[in-house]
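Let me give you the structure first, and then I'll get to my questions.
When the chains are written out, they are named A, B, C and D in that same order, and each has its own residue count from 1.
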Amino acid sequence: MRCADYAEVVANRPVATNQFEVEIHCPTIAQYAQPGQFVQLRVQSGYEPLFSRPFSVFRKHPERGDFSVVYLVRGTFTQMLARKQAGDRVFVVGPLGNRFTVAQPSEERVHVLVAGGVGAPPLYLLAEELIQAGVPGTNVVVINGARRHDLLVCQEHFAQLGVRSFAVTEDGSLGARGKVTDVLKRLYEDGGLAHHRWQIYTCGPTAMLEAVADFAKAYRLPCQVSMETLMPCGLGVCLGCAVRVRTADGFEYKRACVDGPIFEAMEVLWR
Amino acid sequence: MSRVKMDVQLGPLHLQNPVLVASGTFGYGNEYADLVDLNRLGGIMVKGTTLNPRAGNPMPRMVETPAGCLNAIGLQNVGVEAFIREKLPFLRRYRCAVIVNIAADVREEFEQLAERLDGVEGVHALELNISCPNQARGGIEFGVDPEATYDVVSRVRKCTRLPLIVKLSPNVTDIQVTARSAVDGGADILSLVNTFVGIAIDARTRRFKLANITGGLSGPAIKPLALYAVWRVAQAVSVPIIGMGGIMNATDAVEFLLAGASAVAVGTANYINPRASIEVLEGIEQYLIEQGERDVKHIVGTVQRCEPESEF
Amino acid sequence: MSRVKMDVQLGPLHLQNPVLVASGTFGYGNEYADLVDLNRLGGIMVKGTTLNPRAGNPMPRMVETPAGCLNAIGLQNVGVEAFIREKLPFLRRYRCAVIVNIAADVREEFEQLAERLDGVEGVHALELNISCPNQARGGIEFGVDPEATYDVVSRVRKCTRLPLIVKLSPNVTDIQVTARSAVDGGADILSLVNTFVGIAIDARTRRFKLANITGGLSGPAIKPLALYAVWRVAQAVSVPIIGMGGIMNATDAVEFLLAGASAVAVGTANYINPRASIEVLEGIEQYLIEQGERDVKHIVGTVQRCEPESEF
Amino acid sequence: MRCADYAEVVANRPVATNQFEVEIHCPTIAQYAQPGQFVQLRVQSGYEPLFSRPFSVFRKHPERGDFSVVYLVRGTFTQMLARKQAGDRVFVVGPLGNRFTVAQPSEERVHVLVAGGVGAPPLYLLAEELIQAGVPGTNVVVINGARRHDLLVCQEHFAQLGVRSFAVTEDGSLGARGKVTDVLKRLYEDGGLAHHRWQIYTCGPTAMLEAVADFAKAYRLPCQVSMETLMPCGLGVCLGCAVRVRTADGFEYKRACVDGPIFEAMEVLWR
């Protein structure tokens, strides 16, 4: 089930420097959105910018028919979105794209969620689902990174879930200093966790995704990445969101909006 | 809504209403089927189809520009066989006309495509996309060259009994010339406009924004130019015209009808609002009622000069 | 600001900086003199000037379109004699280059205009506006016809020692062809683009929005097309280019320089913000400093392909 | 003296149905604006709509450096303007255009100001100037018309000036029923006023201006009209605001933004 309609903003509150969580009333999305899926949002009445913008679903409240996304104010669209208030209307299409796949029985795996900046929200939805599915918090490891502490999102939410979460900042202003991959390596080498049961899921800036994918490849660990591209339509028709994916005889272009945004790290041809 | 007649006869092609969706902007219909009632559309012009599958261009393939966008997808498509096998069966289930947009960079491929699709159940017309690089002429568009246009159209004409739509390129000095070539070659219908060639540059990185360097401009930005092209062609030829280029709402669509188009196609707007085509359809009906018109055909090409200042 | 070299040499024409104001968008300078320090501009391209005064077209003459506007002013101007007598003396007081945009619908008038302005104190260059209807050819633009372009340029070339700028029309299949004709005819500099022909229709009244029916499209909407034209022409000829078309800010201007223009002209933006040209100038200097460049000349035509996906 | 710069909104309050008065801080305009002159306003950051919009100066407060305009919400721009609040910035160019000319000594004339809808504001500024110049209120006649009472603006302001003002509405919901020209005729025929000293000034919808001009012509009365056209630049360079004006040998196009907006009614070629 998908919807394409106007929806009401329930709340739009700051959650970090330059970052906000907007809550939107849309029962369809609140009910059907899966971890890793996204919505296309439109606030502009005209054509500046021309296209809608994709945002990953962060939290769902099926009971009251609301869902939310966390967004970083980057440019024209997100500046307009940040000005929206409770009661304002936005145009929403979704849920869109595929979801993170969780091998069953999920309890038997160690789920390693690697987030960068506003890549955290969809991973929170995944962690929540895992916990609700009965996966022990000790088997859900979250490595949540950002440049500075004030750019780190969802940290308290992960904490509330009772998962094992590690904060990482490039300037060391919160949690470990460095990059998510440093922590990933350290955790791996500490050996406290049964490697053969690792499953990595990652979402964040493309450079980080690539670094995590390299790590997973080096250690032969299964890894799912959430790819980010421009998404003019979000529905699979414009082909403007192509991702190069390996094939037997070379590569083919897949659509990040319907074949993705989640891909097996091994499959992606980074450049 | 049944108060106004909306069906149109475009030469040999009958449409239940004059609102189509433009090639490359609605996929093969299935992507929109849960959001749009395909049975309400006048027709679906499917993604440009080539003889063999095409991988398409490297990314980035699209970039936003003021009130528009540039695209350089590179005709990524599954190829005609996979289209017939995998895409067409779904489309057969619907009432709307299915128009196959065919593309090639050598003339023979156009002929083979037309032959292959001729008589295939569920295909109601062919749209010849001659805005693709003509290899024999060093990559310049077929569609900007009157001779090449005439030649490729007449070749295809011989290969099919299907209604033949020729999609004109706007990147020409005088579109009336290529329009006539297409009609002389045997086009039953003309569709226009395809995209305008442009580029975008990133000042910070000092690079082109598209991997392909050039792309095709579409969206609201081109509407005044597309309207002009339709109006000019309507003066030059007698075959029906399917107008497109920056149609975002019913008012835009009406402008194309007034300029001389017998039907319209919604393109880029489908990305912005999946229901754009339905809203255009409903809006045109509403407009006709407000204007006291009974039949959409009656407003085609009826634009008048604006109130002139009387001469002194 | 003096940290970067901004002066440019366009063939025989030296400009203290590469930012000009486009013809028809800055009048004769005097209208802006109290809001803009004219001494800071690279040059002023004055309103299109004809041999005899012209009344211009009936109203409406302009209409807004998505991210652009159509205009059909009809070359209303005071005529060359009144220009020299009433407008030029004011402009002489300033440091910036004065470029006279000349227009005519018969070749002889172009020659007479060039002769009349040759050697007139305070005129630094001529800009030949060949985007006007050529009466001898039934009203089609000189500038879309390579022969007519060559002929009129070479005639004017013989009539003046002033630096000769030829302003190209973008309404052509291949602008490289007319660019070469203009250079072969003796153009020292090419300026582009002039406006794209378009129309606007009022759905409610069912009338054209412009009394003249057609108008010229300018503004942000045309930037991707104008950039493409400049980039194409830069590949084809070796004379310097003055780029324009949708330049609203310094970033837009830089894109034109990277595409191959040695200077830029601010047009429609002057209406929206009288200080646009100065802000463009300051922004380019700022950009060069950020990019670690010492001289604006060094970035001309330096646009690169975007990071390619490595082949598999 | 003119300015072209960003200025702060001091207030933006409703004054009638769909009509607002926006007060802007701009000392130059507050000091130099003359009755009939206008300003170009810009609130859009992008190009929707592309051009700035012209509005007549209504009130001036040189002492605190503010001026105001009254505007009717019509389309894209005025909708955006209506959303502006105290503290927001707008881009202002002005004062622009010519002014109503008042023959001296002004006390000796009967000044008849004919307003239609949002044409009233500049006429209020004129009336205020006349009173301040010592013209007796009895010699300043204002005929202020609108379609309905709730669209009539500046009525109370005229009253405060102590001029002789007549309200006219097409539906008779306030003051006389009918058109401003009906009242104009009646006043004229009542003969209470010395006709040879009449000077008419009018501002409003073009159809009304033409009707008033016809009346003035029929009775050979001097009449100044404020012409309305699209104004892309407002500075006299685009020539997109042409008004046809009689000349010895036919007509010429003058610029409403520089040669106008005020023209002698006799000079204008209406169509």
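Methods note: a contact is a pair of C-beta atoms (placed from the backbone, for glycine too) under 8 Å apart; a residue touches a chain by one contact, two chains touch by 3 or more.
All figures in this text were calculated on a predicted structure; none of them were measured in a lab.
Number of steps on the shortest path from subunit A to subunit C, with steps defined by chain touch: 1. Subunit C and subunit D, compared by their mean Cα positions, are separated by 37 Å.
The mean-CA centres of subunit B and subunit C are about 33 angstrom from one another, to the nearest whole unit.
Separation between the centroids of subunit A and subunit D, computed from CA atoms only, is 57 Å. Residue positions of subunit B touching 2 or more other chains, listed in rising order: 59-60, 65-68, 219-220, 307, 309.
In subunit D, the residues that reach two or more other chains under the touch definition are 46-48, 244, 251. Chain contacts here are complete: no pair of chains fails to touch. Partner subunit D is touched in their complex by these residues of subunit A: 46-48.
Residues 2, 4, 42, 46-52, 91, 93, 229-230, 232-240, 242-244, 251-253, 258 of subunit A are the ones that touch subunit B when the two sit in their complex.
The part of subunit A that touches subunit C in the complex is made up of residues 47-48, 244, 250-251, 269, 271. Interface residues of subunit C facing subunit D in the complex, by the touch rule stated above, are 24-27, 31-32, 34-35, 47, 55-56, 59-69, 71, 73, 76, 219-220, 248, 268, 270-275.
In the complex of the two chains, the subunit C residues touching subunit B come out as 58-60, 65-68, 70, 144, 171-174, 196-203, 205-211, 213-215, 217, 219-225, 227-228, 231, 246, 251, 254-255, 258-259, 287, 291, 299, 302-309.
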